[in-house]
Structure formats: structure tokens, C-alpha cells
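Next, two complexes with subunit A in common: one pairs it with subunit B, the other with subunit C.
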Partner chain A sequence: MNNDKSGNHTVTDYEKIFHPKKLAIVGVSAEGYGFGSGMLSSLLTIGYEGEIFPVNPKGGEIAGRKIYKTIEEIPGQIDFAVIAVAAPLVARSLEDCLKKGAAGAEVLSSGFREIGTPEGRSLEDDIKKVARKGIRVVGPNCFGIYCPQSGLTILPGAEFPREGGPVAFLAQSGGMANDFINIGKWLGLRYSKVVSFGNGADLRETELLQYLGDDPETKVICMYIEGVEDGAAFFDVLKQVTAKKPVIVYKGGLSEAGQRAVASHTASMGGSKAIWEAILYQANVVQVATTWEMAQVSLAFAMLPERAYKGIAVAGGGGALGVAACDAAEANGMELPQLKAETQEKIMAVLPKPGSSAGNPIDVANPGVPPFILKQVLLHAAEEEKVDLQILMQLLYVYKAIQRRENAKSLREATPTIELADMMEDVQKKTGKPAVLVLPNNRQGLNDLDVEEIRREARELFLKKNVLAFENLTDAFHAIGQVSNYYRRRMERTGA
Partner chain B sequence: MDFVDKAVKEGRSTLSEYESKQVLAKYSIPITKEVVVDKKDDVAKAAKQVGYPLVMKGSSSELAHKTEKGLIRVDIRNEDEALKTFDEFMKNMKDIKNPAILIQEMVKGQRELVVGMTRDPQFGPCVMFGLGGIFTEILKDVSFRKAPLEKRDALEMMREIKGHKILDAIRGMEAANIEVLANILINVGKIGVENDKIKEIDINPIILSKGQPIAVDALVVVG
Partner chain C sequence: MNNDKSGNHTVTDYEKIFHPKKLAIVGVSAEGYGFGSGMLSSLLTIGYEGEIFPVNPKGGEIAGRKIYKTIEEIPGQIDFAVIAVAAPLVARSLEDCLKKGAAGAEVLSSGFREIGTPEGRSLEDDIKKVARKGIRVVGPNCFGIYCPQSGLTILPGAEFPREGGPVAFLAQSGGMANDFINIGKWLGLRYSKVVSFGNGADLRETELLQYLGDDPETKVICMYIEGVEDGAAFFDVLKQVTAKKPVIVYKGGLSEAGQRAVASHTASMGGSKAIWEAILYQANVVQVATTWEMAQVSLAFAMLPERAYKGIAVAGGGGALGVAACDAAEANGMELPQLKAETQEKIMAVLPKPGSSAGNPIDVANPGVPPFILKQVLLHAAEEEKVDLQILMQLLYVYKAIQRRENAKSLREATPTIELADMMEDVQKKTGKPAVLVLPNNRQGLNDLDVEEIRREARELFLKKNVLAFENLTDAFHAIGQVSNYYRRRMERTGA
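Up next, the complex of A and B:
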């Protein structure tokens, strides 16, 4: 992409930035911990695929590698650089990387605009000047790029998955990037690219969003935004990208009406919160309010077929499932359609009696009904045209009681997770409609940690079988509702 | 925009109600039939032109809050009342520069809406829609869109407010003319996009008269 601010760039070589074959780390120190040596250690642990060239004027060795005294000394060209030198030395290092052919660099160093001094601002301007000559800069004051396909990682990030996936994430905050990847790691999210761009002196939200919009590895884009550089340009790119793929935005720092002195009612009511929410909605952005919600919703986007869902069938046993399900569906723009009498008869024929009921939600009476029976229930319910998606509630902790009753050796042996996973996978294949699991756990005390362990194991298994699983019904309906609203509005806008 | 340039040149930050509505009219926004008079001799003719019953309002760019100053009288039914009101208002405005009186058609309708424009420091001109009259400030039931607006944006923002049922056919009242309302919203956005000197707009209220929206009061802020 052209950098219109300068006109000096030709095309940004994102391939070299996200998948560098030769990488310099400028500012490693052989003694003690610094960002440079920290990054080297993280890259070695995660298994970065390319060649690494550590640089420090003192030379020497680190982790069995030669430390080059200058960037110039590195043999041949480099693709990308991690810069971790003191702020006044950053611009000079970037110049040297540019001469070595680097397409980009991430600057971990701080001491720029964020410290609020004229000197800090001036040093950041120096970075911008070098960037305009043709090296794209991520940062400064950032944690960098995580790209599991190439093995680039953000600090500390040594234990992030190498397995890639469809979700991209952009944030100024490196801490937010770490949180999101850590949640995603156990929740089942896998990432294409994560960029923490710190002060965003050069590459930032709008350009990166446009790139991800065209990136075939990315299917879902998440962003944490505090502020944007150019609101109008950002809005235009948002609109373009949401016509192609979902963009989920967690807007931080939303305050009520602004404090500007205004004469009209309109201006007094158009505070930043109202305007931001309106703008995001107008661009068909999926809005979330927490990192947890962003993770849940992006998982739903990553796993559910791309369409709107209206009619939901819910099956499960125990509790006030019925009322809760109806309320949650309605609150998120969906409904639980009444099943036809003949469908209800077919379902009742397989369910234990008495206590079951085959309306919608389908109450299976006993939370421990075996998977082969549940399968019949789901297959019958899916025959209904009005049902777009099914949710099965499974209280895995009930198997703790079953374990005792049946003298099973372990909770693992007593819990039919494999049967459940196979069954759900099969139902999805046979019906062509998503079947989603909800796995609430009301036993989270210290003496029930085995329940939690089984639940986490089960979750991983379900995800492997492409079965979406949520912690509770509210999260499930909320996430599915967000998916539905996005595709419904996209269809209205673009017809696809 | 003559009125806008003139006001800016004079160092004013607001247009009078009459001037504000002339700006709206240029963008095909339906406004009340109205005439400005500053001589008593012109009152009778103007009133006849507008038609009784009518509304009289003090008119000056220095008057942002007419209600609080007692400079609005509605349901004036004949020339006598009109002349009496003229004298009274002019007396109340004797300390104001260039005082005048706006003689305005009285629009009947129970439903009041607000449409506005504000400039967001990040996103530029944004259009507001909501419940009008006294409810604007009390309920703050409003929605926003960044200009320029597509028709879909206009339709969506009308359905978005909590009180959107006010636009339906209710209690024997006709449904609001959604097409006209959508055009008002689109055109207010257009005013924002095309006129840098217009900083803010309040059209409050827009009254639904047999379902037809008419801008009854307006304030344009310039700078």
C-alpha cells in the first residue's frame, strides 16, 4: 500500500514484516535482562522459523550466537528488525536497517511521545522521518508482532501457540494483546496476526485494518481502540472491510458527553461515547465491552458458518433452563420457535419419562441422559425448518454423582466426553445446522477441581471436532446474536 | 450561503430563527410559512399572508432562548391581537440590536421531533435524530450518524431511538412520512458536509402535522 503521508513508499512489503526470513534484534545485551535479550529468548522458545542476528556494539555471544557490533556487519540483507535500544539511538538504528533492506521494524523502546516531553516528541518525529524513507515502523513503545505462522511473537509471549488461525487483533496496548492471546489460547482462538503498535508513529489502526481486510489468512478482525489518528479515514476503511469480513471493536475510554463549550442541544448530546457507538454501528462493526466478550464473540465468528441465525432450538436438563433460554434469545434478537406436534412426538418417544417435555426448550429431565439419546433429540429438532441452530446444555459436573453411583474409577471414565463430541460432530454433519454446546459449571470449589479439569479437556475435544462450546447460556446467545446481527446487516448492505 | 457569510462577517455565532430556516429551506427541508416584520405597518399584511391562527416570536440573532424571555405567543387569531403582540414584544426587546418580529404559521400536531448536526472533533459532521421539544433534554432519546448519510442510515437511526413508535400511526394520528423525514436527515448531513462555516444545527421541534414533518424552530451556529 502507498503511504500517502510521504509518497516515498512504494508498496509496503507485509510479507517481509510478518514472515521475515532474516531478523535483526538491535539492542541485545549479553548480561542481564533487557527487551532485546527477552525477545531473543522468546523467539527461540516459540521456535521462530528464520535466522536471527543479535546486534550490540559490545559484541560477544548470546545463546550460542554471535552478537554483531553493528547492523551493517550482518551478512547480506535483512527483512525485519526488532529495535530495543535507548530512545535517542532508535532513528539511527532504523536508518541502518533500511540500508540493509529491512521492509519494517518494531520498536520496543519507550521514551517518546508517551512521556509528554518536547524531547520525546522530537525523537518520535525522527522515527517518522526515517519511516517515510521506506521502512515501516511498528511502535515505538510497543510489544510488537505475534504471527504464529512465522514464529514472531510479542513480549513475553514465549508460550503462545505456533498453530495459526483466522483471528487477527490490533491494539495500541501490548498488555491487551497479551491478555487476548492468553485467553484465546485456552478458549480455542487461533490467530493470523496480532499487532501491538504502541504510539503508532507510522503503521497504525487504519492502514493495518486495511491490510488485514485483504489478508487471506485473516477471517475475523478484532481491535482494541483508545483513539484513532484520522477518524474519517478510519470510518471509510471500516466500512470497506466490514463488507468483506467481521470487525470486532472493543473501544476503551468511552466517556459521557464531551466538555467542549457548545451552543446547541445536538452538540451537547453528541459526546464521544454517543458518537463512537453510532459510528461503529453505522459501519456495521461488532461492538464489545470487555476482552472476555471479544474472545467469546470472535470464537463464534471463527467457528459458525457465515449467516444470520434466528430460530434456535435449546435442549438440556435441569434448572430454570426454559425461562433463561427464552429471555436470552429474545434479548439478542433470536427466538425459540415452537416445535410441530409430530416433531414433539418423535422427541418424546426417545426421552425418559416422566419429567421430559419436547416443547422448545426441550427439557430432557435428567441431566445425565446419554449422548446416543441426545443425538436422536437433536436430529429430530433439526428437521424443523424454523430451527437454524441448536444449543445443547450439558452439566458435566453431574457425572461426579454418577461416578460415585456407578463406582467408576475416575470422573474421566464416568464422563462421556468423547461420545458427546462425536455425537455433536455427527449431528452437525447430518443436519447441516450448527450444534453448539453450553457447559456451565456450578461446582468450582477446591474439592471439585476434577470437574473443571474434565470440562477443559472436553472443551478442547469439542473444538477439535469443530463444535463450538460456551461457558454459559448468556455468553452463547450473546455471541450468536452478535454473529447474526453482523451477517443480517451485511446482507442488507451488500447483498452477500 | 448568504446568511452564513453575513453572520460570520458581522462576528455573530448564531443565525436568527428566520435565517436558520432559510438555510434549511435551501436544502429542501420543509419549514413553516413565515415573514419577518420590524414595522407595525407591515404586520397586518404579513399576518394575512401567513394566515390566522398564527404564532409571533421575537426575532434577533441575539435571541437564543425566546421562551424564557416571553417572546413567543401562539394562537393569535386576528389583527388586533397581532398588533398588540407586536407592540408588547418590541417594547420587551428595546435593548436588543435590530429587533424584529417573526410572524409564523401555527403548525398543529402533538408529536415533536428533533434533528440536529454537530461536528465531532474526530469524525466531522454527525447528524442527530430524537424526541423533540422538552423531551430532548429530559429523555436524551437520540441517535447519531456520521455524515454523509445513506438512506439506510437515515431509516436505521429513526428506528433506533427508544421512542420510535412515535413515528407509527398511534391514537388516531397518522404515521409519520418516513420518506420526508429520511430526506431531512440526509440533507442536514449534507449541510454539514458542504458548509464548513456551519458548526452546529438544532431543528427543534420538527412537528408532525398529519404525519408531515415541518421544521418549526431552528438554530444554526456558525463560526
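Up next, the complex of A and C:
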């Protein structure tokens, strides 16, 4: 909304940028494959909802559409543009888009500051000059914007979900944006807005973060940061935003060599590890170290009720899992409270013997204990005031042995995924406390692709029932701990 | 070999214990399923090579074999026994096995010290008394011994590999032993001996570690420890063994709650986290925190040449991966040395442009760069003295898009796994430096099971060619770092 730095435009029309009704793609080619044609193809596949105007001086047709020879020739005004022409032609194209009323443009082209030459820097300065006149620029050297609700997508991005959701992601790196959406697609993450801003000549981390902080569609903000333009301004906005919603930051290039790599990748300054970690901690930022971790943690933020979690009850088969649960809980600032004798008695009454124990962790002795029994265990454990959240470990691969033993027709028939999903949903409703699944899969041989298929099906089912599921206990405790620590610190700092 | 503590037998016949020619299974049941019958079935499936003598007072037949009514009735001597009778009958069965010449026995039965009653403790003392007379006991409350070379297996373990290998594993927990073998089976770990010793009434961590330290078939020793019987003795043996071969320890129950769980699981004392970590560090033990990490790290120890690695060259498509590589290298005590200008020139000459860079990390710009080009990149990078090891990141899922674009018949046809495997093997031979693959898979939806299948096939192929492969960069650097740190410290401490 603000762009005081430039002074030339005070209102950014983010609505037109994220939900453009009329979109120019400047630099499509009727022959061969380029970024412009690739973007056109992706937008058609994903089902972008507005009108598209391809532009190329040669004219012609592409995908049954007229190619306009100039931007000017497009009938009426445009809202947004994708620019994929050679670097020296970018600034001029932006000028033309501005004249056509575009509120913004994403520049996919590379060949600017990141190549480290005076020409590259000069061409990027030209972009900045046009931007100051009133068109907001995403890029250059970026993959663009993904906004499932309007159907905008980053490159290649043709198969990203059209379904929107609460998670936003900002990254300089387009590869990272792609990775994160792909990981999240499977994990069940759904996105409000993803912006890969590349060199960040104009719109970049600080302004975009501020916008997302106010965006009602965004509940969780993730960022991959290599460097920031203005540390003080960024830190101010970070503090404002984390007081309202969680901000998860993966800071790349914290090592010395990493800083060298950052310089050649997006040409921005990194800053030392100690400074970064201190700043992020002060701002109550949720810090993560890999894309995978960012995806797991943001899924937990998206699905868990907004509060701190302290006491965790863990149920599963096998004593060593219980020990691992205790270690993981403590390492992430939580604990496994001892259950009262009366609760333990109730639980023991429904569990198979021998081999079971109910002290928390609750050892159900046999990994094939049916869901209706597990349900009673979880309902009893949740009665304890000290239990804020429950984790159930389910080894889905054991049903392969059960299938053989019981001569079930298929692994699908032998595995009680639907019963498990219904049970977990019901437990959450009845207890008002989250019940989380952990679904480890140690069977990763070629012969066990059937287990993997069932596990993927089950995971989709659990997500539909609003049941959070993780791959392993460590990931689960880590993600829940991050959620818990964020809300606890926010409460301590802001009282809300 | 020694058992000074008891004084009653000074030589343990480990050959008979791990490679028994005549094996009694005491407590098989002709009807229903029990541990004894389960073990018989597993031994027959895996193809145990010796003679099996089932024992049950009721007699009869099982799996076409005579059931002996008593141990005494078995013709001739026995080498080893599996005991799966009710707890009060165990000591007597062990006496009978001893009389029959058995060097050892594994007791699968539970109901001893772990149940926390005076009867349980007393029954376990009875086992100890018999053990002191000269039969070495594994257990009770354990899943037994897996020794692929003789065909002994732990419960359930019917489908574990018969192929042996360099990795040994010791654990109190039978569930952990199963998990580790199952994970390793897929990863490509092959085992010399795995012992789940449960309550450890007789043979346990210290003696077994000493034995494995001298065992020529074992090159890497892994341990899951909840607690040890005699800390000082264990520490002495640890130091002796780590001077000869790597010992990887996953210490469970380092948290307070974890120690409580340990107490109810194997009834052994845990000890504080700080003490454990200090002791393990002093003994140059490789410390890990999860079963998955233990598997990854032991695979790296099994496959990499025995030395420290400092300078790593990393190649892959996408700049952000390069930044992550630098961070991961530094976090694990390694570095990505800048390549000389002349090396960079040679590499740039073979890479597609624009988008590639050769400063290390080497950005090959396009994730679908064919193996013959990658080969030249790796051969050039390895020429630098500072490069000790190379990592190549390959996103196998990109071949799904390539398959579509090129109308290949199948994903298998489109993915150059064989070329990649041959190339990596050849690079290792020509350069004398390890070349490691990282095969991330972000495509985990139901529609992408074909990618998973190809990836699993590829992984098997890479292992056959002696090419180490990891799931992601973090795991790769972590595992290589553990290997490197162990050999560096061993060199500093012992000069060898």
C-alpha cells in the first residue's frame, strides 16, 4: 500500500496484481519454447480466469489466440503483464504496460544485476526507473506469482492446485518457490499467494510481507530469504506482522560459503549468521533450516488451533517409540505428563495384554490394534487436563502382514484407513483437543510400492478430515513445538 | 571371549551362537501362533542353514517336522536354542540346553524384570544363575539374533536379506532392531550381526561390543542404547573399539521423561544427557538422534573410503540448492572450495547457457542436463586437489515432464538411470574420489507413484555400482560429515 521510498506512487493496487482480469504476456513465441510461451501454456492448463493477450512483434497466432504485435495494440486497458523479452527490451515493455494501465508486471527475463556486469546493473536500474513511475515490478530474474484463486501461476506451475488456502510464500528463488509448492501440494498445504521475486528490483520482501500481514486470505507467511535490501525496515515490518500472524523464515546462506553463493545467485547481501538469528528470534519469527521443515511447520500452523501446547499424550506400539517420543517432546519444549492412576486403569482395561502400558507414552503393545480400541485410549487420555494434544503412531505397513495372514483381497481392504480417519476426526470433535497422526514408512523397497500407495491415499483422507499427519515422530514434535513456541512467545510479548 | 564378572566360563563360543548348526526351538505350538512357532516359520522362510529341533511337551508335528517332547530327547548335541516358553519355565529350559551342549540361547519370553514385580526379578535372577554355569543368554524379553550368513533371524524377520554385509547393530529394543533392518534393507545396508538383547540378563552391550570390535565381518557398529549395566566397563571397551572401527550410538532416553520411559521399557538406568554426550564424545563415538539418521550415517561409513573429507564439490540445477549446499557443508565441518578459474572455464565450456555457473556450487542451470555432460563436469571438478568428494543433485522427477515433451513410451525410458549409474561409477574409478548422488523427491502425490518406482529402481542400481545415494542434501552432508569427523578425530587421537 505504501512505497514511500520511491515517492512516485503511494498506492499499490495488489488486487490487480494478484487477481488481474486482463493479462498481457509480452514475449510469446509462436515457434519453439520460451518463458513467455511456457507461461501461456501453464496459465491455460491451470485455468487462469481472466483474459490473456499474447504479444510478439512478429504477430501471428498461438494456442488459437491472436498475438498482438505491440502492447499498445491490445484493446482497452490491462491489469498485469508477464514480461519475457530479452533484457535490453524489458524497461521499454514496462513503460508500454504502464501506459496501458497495468498496476504491475512480473519480469521472467534474466540478464540483469545477477550476471554481475555493468550492463546488467544498468538494465536493472532502467527497470527501477520505470517502476517509480507507477508500475510495480516483480523480478526480474524470477518465476513470478502463483495465486490459485485467480489462476496466476509461476513457471512451470501448470499442475499446481487451483484450490486456495491460508499459506503465503515469498522467495527470491523461483526454484525454491516451485519446490515449496510441490512439497506442499502433497502434504496438503494450500496457498493464498506465492511470489518469487528474483532480483527484487522493485517489489520485494519488506513490502510484500507488509501486504501479506494485512491480507485476510493469508494466515501463515513463509519466506525463503537470501538477503534483504533494507534490514531495519524489514525488521520493523517483521515485528508488526508476527504480532498478528506467524512468519516462518528459512534463511539461506548463513554460512560463509553460502553468502558467496547468495552473491552469485541473487546478488544481495547476506549478513552474518549470529545477527540474523538474533534478529529473527527478537521478532518472534519461526526459524527453519530446510524447505521440508518449512512445509511441515507451516502445515502445523495451518491446521492446529492457535495456542501453545505443553502436555502431549503419545500412543503407539513398541516401547522404543515411547522413549523417542519423550526425547523429542523435551527437545521441543513440551512434555509427556504422567497419566493419573485412574486414567491408566481405564486405558489398560481396553488394551491387549501383555506388553501394553499406559503411563504416557501409552504402549498399545501391538501395532495392529484396531481403531475402535485406539479411540477409547485417546478419549480416556484426553480427559486429563494436562493433555493438550495427542499423537497416535500408526505403522500402516503392518497391514501387509495382516493382509497375508487374513487372506484379504488387497492391502487396501486390510488397512483400516477410513475407520482411522473417522475415529481421529471424532476424537478431535469430542475432546476439543488436536489428535495428530504419525505414519512412518520403513518399507521403501520396490516390492512395497503398494504400502506407499495406501499411505498416500490415507494421508489425503486424513487431511480431508482435518487430521494432521506427519512422516515421523521427530518431524511431528518439531512442528508442533514451533507452533507452540510461537503462540507462547506472542502471548508473553503482546498478551494476545 | 571373556566373562570375568561371572568367573564361571571364560570362553564364549560366539561361532556356535551366531552360526549354529543345530538349533532347538523350545516352545513351539502345533496350534495357534506364538513366538516359538513364529520363529520357526521365519527361520524356514529366510532359509536358516542348520538343523532345527522344535520342542513342546505335547509332541506332535509342525511344518512337517517332529516336535520333541523334551530338550533331552533331541538326538546328539545342540549349538544354540530359541526359548519361547512361559517365564517360570525358562530357567529350567536353559539348564536342559546347557546339558545338551548349547553355547547359548535367546529368550524371547517376557515376564521378567521389565514387569517390575518381585516375581519377575526373581525369575530373571534364575536365568542369570544358569547363565553363569556356562550358557550365554541373549534376552529375556528380546527378539533375538539376526545373522544373515547363517540364516538366524529376529522376530518377525522372515523377509530380511540373506546377503550379509559390514554393519552390526546392538539394541535392547527388538522393535528398534526390526526398524533398523527394515530401513537398511531398502537403503542398501547389509548386516554382519544384529542382536536385540532385551533385558540383557547375561550377554549385553559391553561384551557384545567387544566381540564385534574383534569380528572381522563387522566394519561398522551401530548401537541403540537406553541404559548400560556397567558404565565404566562400557566406556573402556568403547574407547578400544572406536580406535579400530566406527561405533555409531543412538542414545534413547536422554530427556527426563525419556528416562522414565526407559525404566518401564527395559528397566535399566539411563544417566544424564550431559554425562552421556561427554562420554560418547570423549570416546570418539558417532552420535545420532534417530533410527533414520543411524541408517544414513552407517551407510556412508559402509560405502565411503576410510578418511576425512574436507573439500566438497556440489553440482546440480538451481541456484538456491547451491546456497543450501554451502550452509549444509559448513554446518557439518566441511567446505565448498572455490574452483580455479581454469577449472571453471573447462566446466563452463560443457554446460548449457545462460543460467549456469561453475564457482562451486556448480549450477548446471537445467535439471535435465544429460549424464555425459555431467560426467565432464565431475571429471573437471575432481582435478582440483582441494576437492575430496563430489555430490551430484539429480531431480529424477523432471523426467516426467521430459517424458511428456518427448513422447517417450514410459517414464523408465525417459529417465537415464542406467547412464547415470555407469557415469557415476566411472567418475569414481577415474578420479579416485567418491561421487555421491542426492535424489530429492518432492512429487509425492498419488499421481506420481511412477516417479517413486523409478527412484527406487534407480537407487538399487546406484548401490550395485557402489554409488552412495541420499534423499536430500541435508542428510548427505550430515552423513558425510559424521564419517569425516570420525576419521579426523581418530587420526588426531591415535595417529591411524
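Methods note: the second predicted complex is superposed on the first by the 479 of 496 C-alpha atoms of A that agree within 3 Å, B and C clash if a C-alpha of one lies under 4 Å from a C-alpha of the other, contacts with A are read in each partner's own complex, and residues count from 1 in each chain.
By definition in this document, contacts are C-beta pairs under 8 Å (C-beta built on N, C-alpha and C of every residue); 3 or more make two chains touch, one makes a residue touch a chain.
This is a predicted model, so every value here is computed, not measured.
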Touched partner set for A:445, first subunit B, second subunit C, both or neither: second
Subunit B versus subunit C as contact partner of A:62, first or second or both or neither: neither
Which superposed partner A:247 touches (first subunit B, second subunit C, both, neither): neither
Subunit B versus subunit C as contact partner of A:279, first or second or both or neither: first
First, second, both or neither for A:456, with subunit B first and subunit C second: second
Which of subunit B and subunit C A:493 touches, first, second, both or neither: first
Overlap of subunit C and subunit B interfaces on subunit A (superposed complexes): 260, 262, 264-266
Subunit A residues within the subunit B interface of the complex: 227-228, 231-232, 235, 260, 262-267, 269-270, 272, 274-275, 278-279, 282, 492-493
Contact set on subunit B toward subunit A in their complex: 13-14, 64, 114, 116-124, 126, 128, 130, 136-137, 140, 142-146, 152-153, 157, 199-202, 204, 219, 221
Residues of subunit C defined as touching subunit A within the complex: 110-111, 115, 156, 171, 173, 175-176, 179, 182-183, 185-187, 224, 226, 252-262, 264-266, 289-290, 292, 317-327, 329-331, 335-336, 338, 354-355, 357, 359, 361, 401, 442-446, 449, 452-453, 456-457, 460, 472, 474
